[in-house]
Every structure is written in structure tokens, then in C-alpha cells.
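Consider the two complexes below, in which subunit A is the common component and subunit B and subunit C are the respective partners.
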Partner chain A sequence: MATRAPERADAAPPRRPAGKRRPTGRHWRHAVDVKASPYAYVAPFFLLFCAFGLFPIGYTLWVSLHEWTLLDDEHTFLGLENFRVLLTDSYFWNATYNTLSIGILSMVPQLLLALWLAHLLNRPLRAQNFFRITLLLPNVTSVVAVVVIFSQIFGRDFGLINWVITSFGGEGIAWRDASLSSHLAISTMIMWRWTGYNALILLAAMQAVPRELYEAATIDGASSFTQLRKVTVPMIRPTIAFVVITSTIGSMQIFAEPLLFGAYTLTGGQDRQYQTLSLFFYENYMRLDFGYSSAISWMIFVFILIIAGVNYLLTSRMKGNLR
Partner chain B sequence: MTGRRVNNRLTYLTLTAVAFFFTIPLYYSIVVASRDNASLASVPPPLFPGGNFFENVSRVFDTVPFGLAMLNSVLVAGTISISVMFFSTLAGFAFAKLRFRGRNILLLMTVGTMMVPTLAGIIPLYILMVKLEWVGSLYAVVVPALVNAFGVFFMTQFLSRALPTELLEAGRVDGCTTWGLVWHVVFPAARPAAAVLGMLTFMTAWNDYMWPLMVLTPENPTVQVALSTLAAGYVNDYVMGLAGTALGTLPLVIVFALLGKHIIGGIMQGAVKG
Partner chain C sequence: MSHPPRRRAARLLAPLIAASLLAAACGGGENTPAPGAASGGAAAPAEPVKLTVALFSDFHYGPLYEEFKKTHPNVEITERRAQFNDHHNNLVTQVATGAGAADVVAVEGGFIATFREVADKFHNLGDYGLSSRQSEYLDWKWQLGLSKDGSQLIGLGTDVGGLAMCYRPDLFKEAGLPTDRDEVGALWPTWEQYVETGKKFVAAGGKAAFTDGPGEHFRAMVEQAPVGFYDTSDKVVVGTNPDVRKAWDISVSMIQNKLSGKLVAFTPEWTTGIAKGTFATMVCPAWKTGVIKDQKPGEGTWDIAAVPGGGGNQGGTHLLAPKQGKHPKEAAELINFLTSKESQLTLWKDASALPSLPALYEDPAVATFVNPYFGDAPIGKIFTDAAKALKPQYTGPKSGDVNVAMGNGLGRIELQGQDPEESWKQAVADSEKIK
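Coming up: the complex of A and B.
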């Protein structure tokens, strides 16, 4: 299906621009070309999206209403039973708590830091490109690599951080064992990978803010920090909202970090202390319980919609207050 | 005047510190990857690379089919990026410069789909792959990714700015069909943005993890799947895990460091309207 556009191309080969034009006879062909070809150009995306995007999402709902395993061809209709069980499943709420905790621990400092870094870069500096490239290096590193590297750094016995702590006379921390420490470790990985990326997006928005505003603020004696707060942030609010929403969607789907930090245990630690929703989903998927895991993925989708909605309301409300 | 200079110096100092923290984990991974497991236990831990890298790498190749994984990742990421560049340019051109019924609503849908989490449809996608008998084959990873909403949106934005409408009109007057315009006008104009999109797509595809983990097998993995096998099975063999990581990550990091300027320009351009 992905070859539709080239097929059309064969049907209407490029004519030489210099050739003599014969308006009659080709008129209808021209009309068809102008009217229909736009659809041919957008068709590959929409066909692929319908087949591998839209259809699966709807079908997830259908699967979630059944007792459905891969091994069995019979799928008993259960109605909302899967969702009822899910909402009373303490493991589900544990995973929800962990996801929110890791999400907040990683997003709040990350956004503040990104905003500040973007602010620092938003002025004529030498070595701009060097700083920008180093900001994005962690993002080029794959999640798997990040977790492998940080698992070593956060190791209990030979980890770099514990070495620093013990050499200052402190006691090494078993990062994986407790809820808070494991969340902090995972949040650090997420922050390391995404802060620079978000800083660059914010920086792009900052560069579109008219210079005169800053000049006026400088003449009024506003400090750099005041300018960030009173000029930059209000001006780039849509981009901040965009970054918040995309980071939220990302943080609802944190998967590789808890999986690999726990050396591939599906429970996210012995007491599920860092099992996120995506990992909880994956645990049930690995049991081939497709009905139940579909219900989980729909709940994650619903959470994302709620958070995005709240976010939208908050930002539009803030805009309203400004006027 | 002095105030500003102090301020500037502080800026450089902060940025350098941040750059340090952003690169030190990568550096340390090389340190560990080039040591042996015993030296990790020493106090203080090793801070400079040792001479064991190639020995560790050869153990990586003994443990997982790493050569095949590299080849697979190059094939997957290469195919996906070429296809994404091609189809996104076509769709982006249609959205940016052609008039047709339903254009706005379709564009809005495209942007909307960027918000949908992959997780929401992943089970039926898996069932679909089982039905198509693509589980374990690269098709399962490549085909669903051949074009995506981000690429379409990215090219739409670029072409609506960078492609002069007069040029298209001139082509029409000369008797060009729409496809002729695509070939002679759109593709040359789209080249810089398409290159950036291609590099971004390559990186994303190279680093993709959850879906390949679900549909591929350890016998026919991508780099990320092979790495996670390493990380899973050999908990205490840090040096081997990190040697594999370095091998699977560094080529991309180096390419990025060289071409980074353009890629960053692309990300920032794409972001302004987002």
C-alpha cells in the first residue's frame, strides 16, 4: 500500500516543461491531476496510520472486553470485567503511584533546568554549537545504553555515586531497594536524557521573542532573572505547554528504565517498588493475558487524555488571566 | 561593564559544568568498557580507560549475535528513514501547497495523532503481526514505521515556508503535472529539511526499544534488543555490558557530534510552531 504514490507517478509521467502545449484533450487529465493528486500524496501516511495506528487503538478496546490469550482461539466476552478487576488490583495502583512519583521527580526539576539552560544559551555566546551539541548528546544515546551506564553508576557496591558518598564518610546507598531511592535513580536517567532536548525546544521559542522587549526591559533595569520571569516565560507559554504535554506523555510510558534497572525483572524490584504502568502492562503481556493488558493500555491512554486536558485548561486559564 | 563580564563568565562556567555532567556518563562507560570486572572493585574506582576493550568486545560477540544486530539495525533504520523522507515530503508538499477538500481537517488529524501513545494500540498491532506471520522478522519493525505524523508535520512546516508558490505556478504554466512539480521543484527544495528529518528518524529508529523487544527474537535482534539481552543475562558482567553499549552507541554519537549543528537546527525549526 505504501507504493501508491509511485504508481500514480507512472500513470502521469513528468512532461517536459518546454514541450508544446496542446490544451484540448488534455484538459480533463489536468483537472483530474489537480483534484485527485493531493489525496494520492497524503494517502500513504493515512493508509499506514489507519492500518497500524487507528485500527489497533480501537481494537484494543475490543480486546480489553474479552478474556483473550494468544494461545486460545476462543475469546469469551467479559464486558467490563477486566476493567473492574484492574481498578481493584493493588498492583495497578502501585504502578500508577510509581509512575506519577517518577514522573514528577523527573519532570519538575527537568523543566526548570531546561528553562534556565535555554535562558543562558539565548544570548550571544562563543561556542554556542559546542554547548548545544553536548546538550543533545544524552538524547542520542539509546535508552538501553543510558540504563546500562547508570545502573553501573548507581551500583550498590562498585557504583560511582556510592564511591563519592563513602569517600566523604557517608554510607553507600542500596539504590534499588527502597521506593524513593529507586525513583530518584530512574528520574536521574530520564532527566539526563531529556533535559537538553527540552532546553533546545524552549531555546527555539525564545529566539522568536522580539529583541525590543528585552531591550526595553534592560533600560527599565530588569535583571536577567526578572527578564526570564516577566518577559520570556509569558511569551513562550505555548511552547512550555507543548513541552509539558509531551514530557507527560513520555513519562506515562516509562518502560526501559525500570525494566533494565532491575536487570530485566518484570516486577520492577522485589516489592514492585519501581514498577511503572508500562512495565505492569508488559508483565501482563508476557503472561499472554492480552485482554487484561489491553485494559491496562487503555487506562494509560485515559490517564494521558486527562492530564493533557487538565494541562490545556490550566494553560488557557493562565492566558485568560493575562488579558 | 564589569558586571556584565562577571555575568558572562558565570554563564560560561555554568554551561561548562552542565556540559561536563552531560558527557561524563558516556566517558565513564568507556572507562568501564575498557577494564576488567576485577578492577571495578578497586578503591578508588578506575577513572581512565584501560586496555581491555577489544577483549570485552570479543566476549560481546560470543554472547549475542552482535554483528547481525548491527546489520539489522542499519537495515531497519536506513529503510525507515528513506521511506519517511520520501512520503513525508510528498504529504508535506500536498498539505503546504496544494488546495484540496478536507485539507485542514486532515492536517489537524495528523497533528492529533502525534499525541497518541504507541502503547494504546500495541496489543492489536502484535496480534496483527502474528496473523501476518511477521513476528521475528524485520518487517514487523519496519512496515508500521514507514511514515509518521511527525515527519509529515515537519515537512509541511518547512515547505510552506521554503517553497515559493511562484515557482510552482511557473511550473504549471510550463505544463508540468503535479508529479512533474514534485520531481523538478519540490524534491530539490525539500532536500535540506529532508536530510535533517532523515537523520532524526534514523536515530529514533536506531534507539527504538519496546516494540522491537516485543516482536523480535534474541536470535534475530536489533542492537537495542541485543544490548538488553546482554544487560539481562549477565548482571554482574558490567564490563561486557558496557562494551556492547559503547559499540552500539558510539557510532551514532560520533556521527551526531559531526553533523550535530544541522540536526539541532532541524529540531529547533520543527519546534517553533509545535
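Coming up: the complex of A and C.
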């Protein structure tokens, strides 16, 4: 499509016109500078990344192959035994299911809502900045504060929602006790925090969509909803893909919400009904079973790789369609 | 002429230097010996010594440090505090990696078993003459400070968490039960009688539940038995110990007779329920009186009676000296001082920390102490009676985790309607999986 913004990476830095002949020594140094110094500039990041990113990932793999408790000096090599036990551990699959369930329950409505909010804010509005800043407010609130408040709202005996239900003659819901209700409660907290943030990212992408398209659509008689569906969404598809990837990875790491919702119990409810993968990892970590918990964190890593891979395939296909 | 290349080289190197500096800064910090320690002459008494004390809350040690410095003018004490769980997790990491631990560390009862496993990572306080204090201590409290094989003294006890039963006189009155704390205590010498009392309470048809939830009761019952979750060889015996099964059955009967308010301790419903009166009794270690007070139920709303089954304890702390500390002698002296009779009495008055030295239980400051917030209950006497009556029980390394697994089992019966027998099997299997 001709209307897309030009890709910036294509614009090569302007080359200096070849000047007078220089002494070879200087020329050599110049060549080294041009070739090598960019690497030196990015080196600090990569050194730190290796120290605090790559090395821990590798070391965790090493630990996961051992019977390893933190206080014991001896670590017996087990090979893949931890992974074998893990893959047959029904609590692991329970946590995987919970993570997916909470992830989907929070992500789908969240993205639809974010899209809608961004669409609303993408038109001329009074006090535009006020609304945009307001969108971000839930995200800058501490997660602990959010969960504490929502735990009160979702309380069984004195919660706001149950108070409304019972005042209409219904029966209060024990939010924590059942699988679905607890997942809904946790998803609500996640949505509260991240909808506005995603809406802002989508809004930024929407503003790059040329106005003429909307004008043309309006002249053709397209309603606001049709414009959103037929113009906006196709134009910002790469950004939607980005938001989906980041929220999926985020949902693999849901931790503070279920932990605090369960009043600091590591099992996520008596029946592990809302124990996520991160919480399952933390439970085993707190038992100082480092080999096993490393195996869990590696499985989480593998899940994220799979999701990222699927997303990559989908987005590259989408880009192909657009060109 | 020579300027630009040099500057270029500097530009090239600067990020690398910065990175290596950063790495050095991250690595070096904790290993630097305290100034003066390097010369190492133990003979010189005036040599300045810096001690760090790591705690998980305000223990009100400030005035005691000042007192200690009067006899040890060369010692400088700094205290650092962290949140309860963080403190103990940090300590595990510090002990495992051999760096960063304070000279004196506090370890709470729920974690002490973990560190008894690795007694060689701590100074043997017996080497510094502290074994002589055994006769002063409650026996079970002393045992908790020994290494697993009993050969080393790694920690000295500070306070204990004597167990009682908190109850609401107003709700008892409505149900036609006695309200006086001695009469209430007389209702339930055993846990079976506690359940019978609960049935009467429920039969009276009030709106409130008889108690919060069965988890804490279960734990108290298990801890009163001669053998708990572990045998002395650190094997989990949950499935075969008849006392555990008995505690389980009584807890299940509490659920089945609808004594329980289906509340899990420290959830918002539970804390709100304390003030709103949704339940009439709860198992009450000494420190829980503070939790009750924080909810502002009103003066005299809650009262305190003896716990069924005779005595009990939950919580309480030990002071340990990690082996990485460079000044074991001074650290041992500080521990000895902070746990001394005089200090424990001061801490009882300042911080309501229940002493672990029975001699103090006769002291009028403890024996006659009444708490006006709990209807003038003689809490000094009630809680120390419970602490004295407790018989020592071997605590296995992961008792806390086993307790969670069992408590979850009871919760499943109550909240998810699981069949009690199925839940028992699952809870036992979960416990035995804990390594």
C-alpha cells in the first residue's frame, strides 16, 4: 500500500564524500573506528545482558539438571529427571491451565476495550490530554495497592460486588473458592492495570494513519464502527501484534495478583484453583528446592519462546499481506 | 596532530571501562573487611568492632544496645530490618553464598528448622560459654536452638508465642454460654469438648460462626502431640501418626458441625470479621492480640481463655551468629546480653515480647500483668502457663510447608466440598512429596 509511512531503516546515513588522500596510518585508524566503535558503544548493554540475562538463563538450566537445595553444598547430577517429574506433575499442568485461563480471560476483553478506548480518543475531543493521562493512571498505581483494593471489592462477606448482589436479593459469590470466579477476579485486576496502557500504544499507532482515509470513508458513508473495523484495524495491525505479544508474555508472568489475592498463600487457593505458573515456581523456590524450581522456570521460558515464535510467524505473514 | 586519535581511543575504551567498573562495584562490596579487622589481634580489647544485627521488625533493642555499649565501649552496633519473609529468604541466600549476612541474625520459629539443618554455617555459641544458660530456658525453646544432632548451640531464644483461645463474651452470652474467662476455659479442657461447646453455640441459632476456620486449630492440636509431622529421622509421618489423624478428624467434625465461618486467617474477610463479630473464637498466640487490636473491635469485645488440650506455642524467635561474621566473641556476648533475664523483662514491658525464661514468669511484672483491651485479662499468666505446659516436640525441616498442605486439605473439604477421605489422601500425598 502506498499510504504506509516509509520505513526508516532504509534511509542510510549520508556518506562523507571521499576527501583528499590521507596518510595510510590515519586511514587505518579511521577504518577501525568506523567498524569497531559501534560495537564498543553497545558493549555495555551486552556485557550487562550477559551477566544478568544470558548467564542466569544458562546457569538455571545447569541447576535444573541437579538435585539442588540452596543450603546443601552437594548437588547430585540428575540429568533430565526434574523435567520428567515436572511433566508428570498434575500441579504443574494445573498451573499451566490457570495461567492460560487467566491470560485469555484478561487479554481478550482488555485488547477489545483498549482498541475501543483508543478509537474514542483518536477523534478531536475536549481536554484530550486529561483523558490520555487518566488512561495511564491505573498503570502507575502500585500493583499491591490495586490488588488490596480489588480483594476488598471481591470479598465474600463484606465485598462491594456481593453487597450489590445481595441487596438485589441474590446470593453472594465466594470469589476465591471456585476456579472460574477467582480467575475472573484476577483477570479484572490485570485488565484494570493494563487496558489504558495498551490503549495509549494503540492510540499512538492510530495517529499515524492518514486522515484522508477516514475522510474518504466518511464520504462513502462508513459509520464510526465500520471505520474502526475496515480502516483503523488493518492499518495498525503490526502494533496490535506487538501489543498481543507483550500482553501474552506478561500473562505468562502473572504473579503478584494471585499471591496477594490469596492473602500471601503460595498455593493459590486450597485447591490451587488460581495458582499460576510463576506462583507454582515461587512455591517450590520457597521450599528451597532449586533444581525443581529451575526446571519450572525453564518450562516457562520454553512456553514464552513458543508463544513468541507463533507470534513471529503470524506477524511476518501479516506484514507480507500488507506489502 | 596526535590529539584526535587518542581521543578516539578513549571514546572506544570508555564504555568498556565503565562496564568493568560496574562489574567490580557489584562484586566487591560485601567482602571488604571492616577497618581494623585485618590486623586481627584478639588480645587488644580496645580494638573497635562493628556488629550488624539483622531483624524482621522493630524488636525495641535500641535502649539495650546502649546498655551493652557501657560494658563494651569498643563495639559499634548497626541494625538493619527487612520484611518478615524477605528477611528469612535473604538469610538463606546469604548463608548459602557465604556473604552478606549480619553478625547477629533473628530467626523466627517457622524457619529455625531450616537453619538447624546447616548448623555448620553458624558459630557454635557453646564455644563462647553460652551452653551454661540451658537451665534458665524452657526446655523446648532451648532444644530449638540446637543443631539437628544436638551437638552444637547455634541460637539462643528471645521470646515465645504462648497459645490461648480468644473469644467474644457478647456472642457467648447470646448463645447462653458462660462469659467469664475461667468458666469459658473450663468448658474445653480437651478439643472434643471444644467441639461440643461449639455445637451448643450453633444450636442457639445466632448469626455468627463459632470459630474462623479449622486450620489453626489443626496446627495447635498437632503441636500438642508428642510426635508431629516428622519423626526424629526427618521422615514425614503424617500418614501414619495417629495423633495427626486424630487432629484431622476433630477438625473435620468442626467443619461438618458447621462450627467454622469458612474463613482463612489474614484474608480481608477474616480481619474484617474480627471487628464485625462474624466468628466467636479463634486460636490465639500471644502476638495475635496485636492483630485483634489493630482491627479496633472495641475495648472488651474480645477476651482470652486457656487453649484446649493444655498449652501450646506459635512463633517466637532465636538469635544466631552466622559463621561468616568476623567477630564471634562479641556477637556471642551481644546475644547473651539481649536474651538475658534483665533484657527479656525489659522487652516484655517495652514490646510485649513473652519471655522464654520461666524464672521471669513469677516476676510480678509478668504474672500480674493485665490487658485492659481484653477485659483486664491476665495475659502474662495465660500465655506463660501455655508456654510452660507445652512439651517439646521434634520439628522437622519443612514443618511449615507440611502444615500448609494439610491446611489446604481441610480448606478443600470446607470450601470446595471435597470428600474428607479423598482430601486426606491428597493432603498426605502432598506432604510426603515435600523434600
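The working rule: the second predicted complex is superposed on the first by the 273 of 323 C-alpha atoms of A that agree within 3 Å, B and C clash if a C-alpha of one lies under 4 Å from a C-alpha of the other, contacts with A are read in each partner's own complex, and residues count from 1 in each chain.
Following the convention adopted for this analysis, a residue touches a chain if its C-beta (ideal position, glycine included) is under 8 Å from a C-beta of that chain, and two chains touch if they have at least 3 such contacts.
Fair warning: this is a prediction, and the values are worked out from it, not measured in the lab.
Q: In the superposed arrangement, which partner chain does A:Ala174 touch: subunit B (first), subunit C (second), both, or neither?
A: second
Q: Answer with first, second, both or neither: which of subunit B and subunit C does A:Glu215 touch in the superposed model?
A: neither
Q: Regarding the shared-chain residue A:Ser278, is it in contact with subunit B (first), subunit C (second), both, or neither?
A: first
Q: Does the superposition put A:Arg287 against subunit B (first), subunit C (second), both, or neither?
A: After superposing on A, A:Arg287 lies in contact with subunit C but is clear of subunit B.
Q: Quick check for you: in the superposed arrangement, does A:Asp157 touch first (subunit B), second (subunit C), both or neither?
A: both
Q: Is A:Ile57 in contact with subunit B, with subunit C, with both, or with neither (first, second, both, neither)?
A: A:Ile57: touches subunit B, not subunit C.
Q: Touch test for A:Ala263: subunit B only (first), subunit C only (second), both, or neither?
A: both
Q: Classify the contacts of A:Leu48 with the two partner chains as first (subunit B alone), second (subunit C alone), both, or neither.
A: A:Leu48: touches subunit B and subunit C.
Q: For subunit A, which side has the bigger count of touched residues, subunit B or subunit C?
A: Partner touching more subunit A residues in the overlay: B.
Q: Once the two structures are fitted together, what part of subunit A is touched by subunit B and by subunit C alike?
A: Correct list for subunit A: 33, 37, 41, 44, 48, 51, 70, 151-152, 155, 157-158, 263-264.
Q: For the complex, give me every residue of subunit B touching subunit A.
A: 7-8, 11-12, 14-15, 18-19, 21-23, 25-26, 28-29, 32, 40-41, 43-45, 83, 87-88, 90-91, 93-95, 98-100, 103, 106, 110, 113, 115-128, 130, 143-144, 146-149, 152, 171, 174-180, 182-184, 203, 206-207, 209-210, 214, 223-224, 227-228, 230-233, 235, 238, 241-242, 245, 248-249, 252-253, 256-257, 260-261, 263-264, 267-269, 271-272, 274
Q: List the residues on subunit C that touch subunit A in their complex, please.
A: 5, 8, 11-13, 15-16, 18-19, 22-23, 85, 89, 92-93, 95-96, 114, 117-118, 121, 262, 264-270, 272-273, 276, 278, 398, 401, 404, 407-412, 415-416, 418, 434-435
Q: Within their complex, state which residues of subunit A touch subunit B.
A: Against subunit B, subunit A makes touches at 2, 5, 8-9, 12-15, 17-19, 21, 30, 33-35, 37-39, 41-42, 44-46, 48-49, 51-57, 59-60, 63, 70, 117, 120-121, 123, 125, 129-138, 140-153, 155, 157-158, 160, 163, 167, 192, 196-197, 200-201, 203-205, 207-208, 224, 239, 242, 245, 249, 252-253, 255-256, 259-260, 263-264, 278, 281-282, 285, 290, 293-294, 297-298, 300-301, 304, 308.
Q: Which of the residues in subunit A end up touching subunit C in this complex?
A: Against subunit C, the touching part of subunit A is residues 26, 29, 33, 36-37, 40-41, 43-44, 47-48, 51, 69-72, 151-152, 155-158, 174, 176-178, 262-267, 270-271, 273, 286-289.
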